[in-house]
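For reference, chains read A, B, C, D and E in written order, and residue numbers begin at 1 within each chain.
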Amino acid sequence: MRLLRPLVIFIGLIAAWQIAVMLIGVPPFILPSPADVAGALIKRQEVLLGHAGVTLLEIVLGLALGVLFGAFGALVMSYFAPARRWLLPVLVISQAIPVFALAPVLVLWLGFGMASKVAMATLIIFFPVTAALFDGLRRTDPGLLDLARTMNASRGAILRHIRIPAALPAFASGVRVATAVAPIGAIVGEWVGSSSGLGFLMLHANARMQIDTMFAALFLLAIMAVALYFAVDAALSRLLTWQPDTQPSED
Amino acid sequence: MRLLRPLVIFIGLIAAWQIAVMLIGVPPFILPSPADVAGALIKRQEVLLGHAGVTLLEIVLGLALGVLFGAFGALVMSYFAPARRWLLPVLVISQAIPVFALAPVLVLWLGFGMASKVAMATLIIFFPVTAALFDGLRRTDPGLLDLARTMNASRGAILRHIRIPAALPAFASGVRVATAVAPIGAIVGEWVGSSSGLGFLMLHANARMQIDTMFAALFLLAIMAVALYFAVDAALSRLLTWQPDTQPSED
Amino acid sequence: MTDTTSSPHTVSRLTVRVRGARLAFGGRTLFDGLDFDVAGGQWTCVLGPSGVGKTSLLRLIAGLTSPKTGSETEGTVSTDDGNPVFHRVAYMAQQDLLAPWLSTLDNVLLGSRLRGEPPDRDRAHALLEKVGLGANMSDLPAALSGGMRQRAALARTLMEDRPIVLMDEPFSALDAITRVRLQDLAAENLSGKTVLLVTHDPLEALRLGHRIYVLAARPATFDRVIEPTGAPPRNLHDSTVLGEQGDLLDQLARADTEGLVS
Amino acid sequence: MTDTTSSPHTVSRLTVRVRGARLAFGGRTLFDGLDFDVAGGQWTCVLGPSGVGKTSLLRLIAGLTSPKTGSETEGTVSTDDGNPVFHRVAYMAQQDLLAPWLSTLDNVLLGSRLRGEPPDRDRAHALLEKVGLGANMSDLPAALSGGMRQRAALARTLMEDRPIVLMDEPFSALDAITRVRLQDLAAENLSGKTVLLVTHDPLEALRLGHRIYVLAARPATFDRVIEPTGAPPRNLHDSTVLGEQGDLLDQLARADTEGLVS
Amino acid sequence: AGAADKLTVMLDWFVNPDHAPLIVAQEKGFFEDRGLDVELVAPADASAPPKLVAAGKADLAVSYQPQLHVQVGEGLPLIRIATLVGTPLNSLVVLRDGPVRSIADLKGRKVGFSVGGFEDAVLGAMLAKHGLGLKDVELINVNFSLSPSIIAGQVDAVIGAFRNFELNQMDIVGKPGRAFYPEEEGVPLYDELIVVANKANANRPAHRKFVDAIEAGVQFLVNHPDESWQLFIAANKELDDELNRRAWRDTLPRFALRPAAFDAGRYARFAVFLKEHGLIETVQPVENYAIELR
């Protein structure tokens, strides 16, 4: 059953897509039908899988680094008041800067390899983590903090043993968002200057009107994204068994 | 003092930038110096401000719609179990799909006017809000829920009077992230098709190698982003006075 | 008062019958095959060692045990008019459960708000005055002392005006004098209702209870019932009460040796 | 035990002196110019009506009032050896304050973990056994009953082994029998320490206190001190205790009429 | 031959038939034969390669002549060393069966463009010849979807469409287009694709070898069109489709047969045109930004 549902969703989505294409009559060069895409998927599977591997690596690296930097950023910002005042505006700005403006600068520093792409992905991924953990760290139960103070705890010990565990649910929330945006992070990273990866393939296919190939790449990306999301979600839930978890639908 | 600090940060960043450009010797066509940018800012202020107005409108509209849809999505997903099972994967996929792939489809439906750009921005903005509120709604104190049940509360009433207020801090967290990514949402929308806005101007200036103008636009964007972020942050803090708020730096 | 189930006057003096109740948390059985009546229109007090399952029993009656909380439940809870218990109880939990974002007044009005009824502000004001929170109506729970929070929760429970009232140590955070006064207030406001009171204080039970049960051992069973003489609330300086207190303490001590705390 | 300030044996029988203490929350003055001694090596019990400021006084002594919490504080808190009070107190708050992500055992070991000391698991095990939680060491707080949570918090406080111990209604959620047993346990474990106990139960104060104060009125002041005879923990069936109880209740009733609950 | 001379060459865009001489030279080993180790890098943003060459991060970049004038005008130390495609590829495209039959019909209509930097100048010149101005049309940036937007009717014309590409694209999906050629409508002739180097080391010997290799590549293309197509798709499997086959065919005659050769007069004329349209402020001497390698 647990494996059946995604399958049903999957088939349902595909069917809806096919019907939509048939009913609305979208031209295939704008939205190809699933059949076309399946064709491209089979015909170009070698090319697609090769690029998918590159992108997956970038996603995973970007996510790992993004979460790491995000956590680090939140810790630094919340631990050092001056860092907060100075870093927060910089981080906000970093989110507002379009990639293509930074791309030449990044390539200048990091070259054309994987590094600049991963850096780009990291830049996109880390902010939700930072923001969520930062917020979570602020919302610790004041009673527990008082207790810790009387226990002669250093600021670092309070952070480590009280604030961070208490902020883990918020952190998990941020990591979930980060996981969902990680694929787009990697794809955008590939725009910076690359000759491989699904993002490259998509831009390329798009520019050359191989729309079926583009959607085949998109399809692979979507599968990776969903698989990654639910894997991370499951891992996070396991981490937070102590956290009460109910849904409004159960009220 | 409260107004002084941002000013100091601002001047500090500019100074750091100027010094960096001078020391590292980055060529101006990759990273112009603040002086160059200031020149462009003054020389082209009319053009810049006109485009900035368009982008600001898109950002604000996108943010409003994104937060609205995000909140709505989270409520629907958490309130109706089937919606959750079916919608969540779709939402995750929606995050992984690069805008440019969707762009032709969106443009086909919405045209090249403001609508398609606001739609694009909304698409980028809503997910952090959805994810954060969805998580927040799950973490309501089970005791309060039990109490509400004995009080003969309908599911809707529990949602409205217990779960939503309890989830507001998480929601605020999501809105903060959304606010930070809103500018990039609008800019990406403008790349995909537009004839005005800072994103358009940047593309244009970039193609013409008027890098100083591009950075001037970027600068305006950054100012808007930071101002928007802190305005939203202040508004959210006012909304959540009941929420204990401490910083590790105060431990 | 359009909802007939919430009107105390149409169906009053409801007896609650618990039959064959079983409750276990992942293998640890708290009680099994427990039969228990909460007499209609009377105060029934339950005492017992810490951790024996008093709160769990109360929650079972209130309909708040679900597999989600990790508990396995069996048995039936019914009333003598055949209607379900759920939605006719006012429940005051061991924790005060004040919503941190609502003022004291709004917390007291939470029930009517949740049911979409027009809030009876006058009654809420009056109750808050009576529990000594007249000056704190607009304070958030975080600005209240422990006892004040408990008093707010009590006011909210009294505000509910249900035929069955379940209270889990409602006076535990109050000083002796305030406690007596609020016991009187509760006795007055809940007269004619079916009240189940969990308490740790034998004197409180002796003061308020028509019947007193002691829950003991694991799986827990009820010992012999004590039915103090005279109408509650009783005077504690009464010598019979003091005698009964000795009795009750003995019973509790016995319960304890069979029980949990080693 | 490298940190000398945390060793109870080098500096014991510390008297804590509070002088000219003022505490106000946004205009509402709880007390002003309050002088108060917690006698070294003895149990000092504080009673008083709910909301009078007992918890606030305890927090003031523990060094936990800061402008951040919305309070204005004045006055000094010192010990007779001249060293600050802060970091030599073990504080047990009115709420149990168990970290929800830690097991009962880990909650008891929280202090040593926070100080980066090697945890004394044997002692924690022994204490948990003594408070009756031997079977619940690996349970999360959410799986404990109210009284069990309080017992875990008590075990954690005893675990701290500090020269000054501040406890805010540490036995309020316990049944009468368990309460007596844990009072004895605390008395035994804290002998020779300077203990300040806030309680609502006059009998508890009479059983445990070398000195008993009643905090009353607003701004709050201390009434006359009661110094029960005999060494605590006293036998409650003692007739002198019962007489003193009457006294104390009278005093509390007086405190109450000057006081807050109308 | 000793250690190979390493060259990082940035393409203007993803690999496509426009790069045939480079690909063929790479695949046939013409670079290797001359002791070169060439790495071809494709960007997603056509404006990045010249910047990176100017910054010394890449050795050579495939770029466009009009952009070169603009970039040099903005102070980038760039210099043209070779020509890949010696004619304009750019064109104004409308639907063949659409309402626009001549440029004059564009009045009041929407024209899509993918920001390249000088589309407005080209369009302005073309409109001017028919008595219209830029104010008479609505210009819309359609960035990634040049042909979809015209096929779907979102715009009435697109400027910046490549005649060897977008026209084929439209034809394949059954919406054939009509192209108006800038060079026939008042825009001076120019080189579409050129190779630029950093001015500081334009005369590096490796550059001459590189251009020679391209020349050999072009020659091979002309001599063995089918074999070179096979080479091309073998190296770029994802390009093996109808569109690229047709584009390949249409591009072949447009490659400069003498990549190193340089017509200074043509560049000077074009600079004047750009100045007239406000894209550059001064007309610099040609030798400032274009040379013929010795």
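Following the convention adopted for this analysis, a residue touches a chain if its C-beta (ideal position, glycine included) is under 8 Å from a C-beta of that chain, and two chains touch if they have at least 3 such contacts.
Computed from a prediction, not measured in an experiment: that's the story for all the values here.
Any chain touching chain D that also touches chain E appears here: A. At the interface between chain A and chain B, over half of the residue numbers involved are used by both copies, so each side presents largely the same positions. Taking each chain's centre as the mean of its CA atoms, E is the chain most distant from chain C. The pair of chains sharing the greatest count of C-beta contacts is A-B. Here the spacing of chain A and chain C, counted between their Cα centres, is 49 Å. Chain A and chain B have Cα centroids separated by 16 Å.
Shown for chain C are the residues in touch with two or more other chains, namely 95.
For chain A, residues that reach two or more other chains under the stated contact definition are 30, 100, 104, 108, 141-142, 148-149, 158, 203, 206, 243-244, 246, 250. Multi-chain contact residues of chain E (touching two or more other chains) are listed as 45, 51, 55, 144-145, 148, 152. Touching pairs of chains, sorted by label, consist of A-B, A-D, A-E, B-C, B-E, C-D. Listing the residues of chain B that touch chain C in their complex gives 141-144, 146-154, 157-158, 161-162, 165-166, 168, 242-244. The part of chain D that touches chain C in the complex is made up of residues 25, 47-51, 54-56, 70, 94-95, 129, 131-132, 134, 143-148, 150-151, 168-169, 172-179, 181, 200-202, 249, 252-253, 255-256, 260-262. Residues of chain A that touch chain B in their complex: 5-6, 9, 12-13, 26, 30-31, 75, 78-81, 84-86, 89-93, 95-98, 100-101, 104-105, 108, 127-128, 131-132, 135-142, 145, 148-149, 155, 158-159, 163, 169-170, 172-174, 176-177, 180-181, 183-184, 187-188, 199, 202-203, 206, 214-215, 218, 221-222, 224-226, 229-230, 243-251.
Only residues 8, 13-16, 40-45, 48, 51-52, 55, 57, 144-145, 147-148, 151-152, 165, 169, 172-173, 237-239, 241, 243-244 of chain E touch chain A when the two sit together in their complex.
Per the touch definition, chain E reaches chain B in the complex via residues 45-47, 50-51, 54-55, 67, 70-71, 73-76, 110, 115-118, 138-145, 148-149, 152, 154-155, 279.
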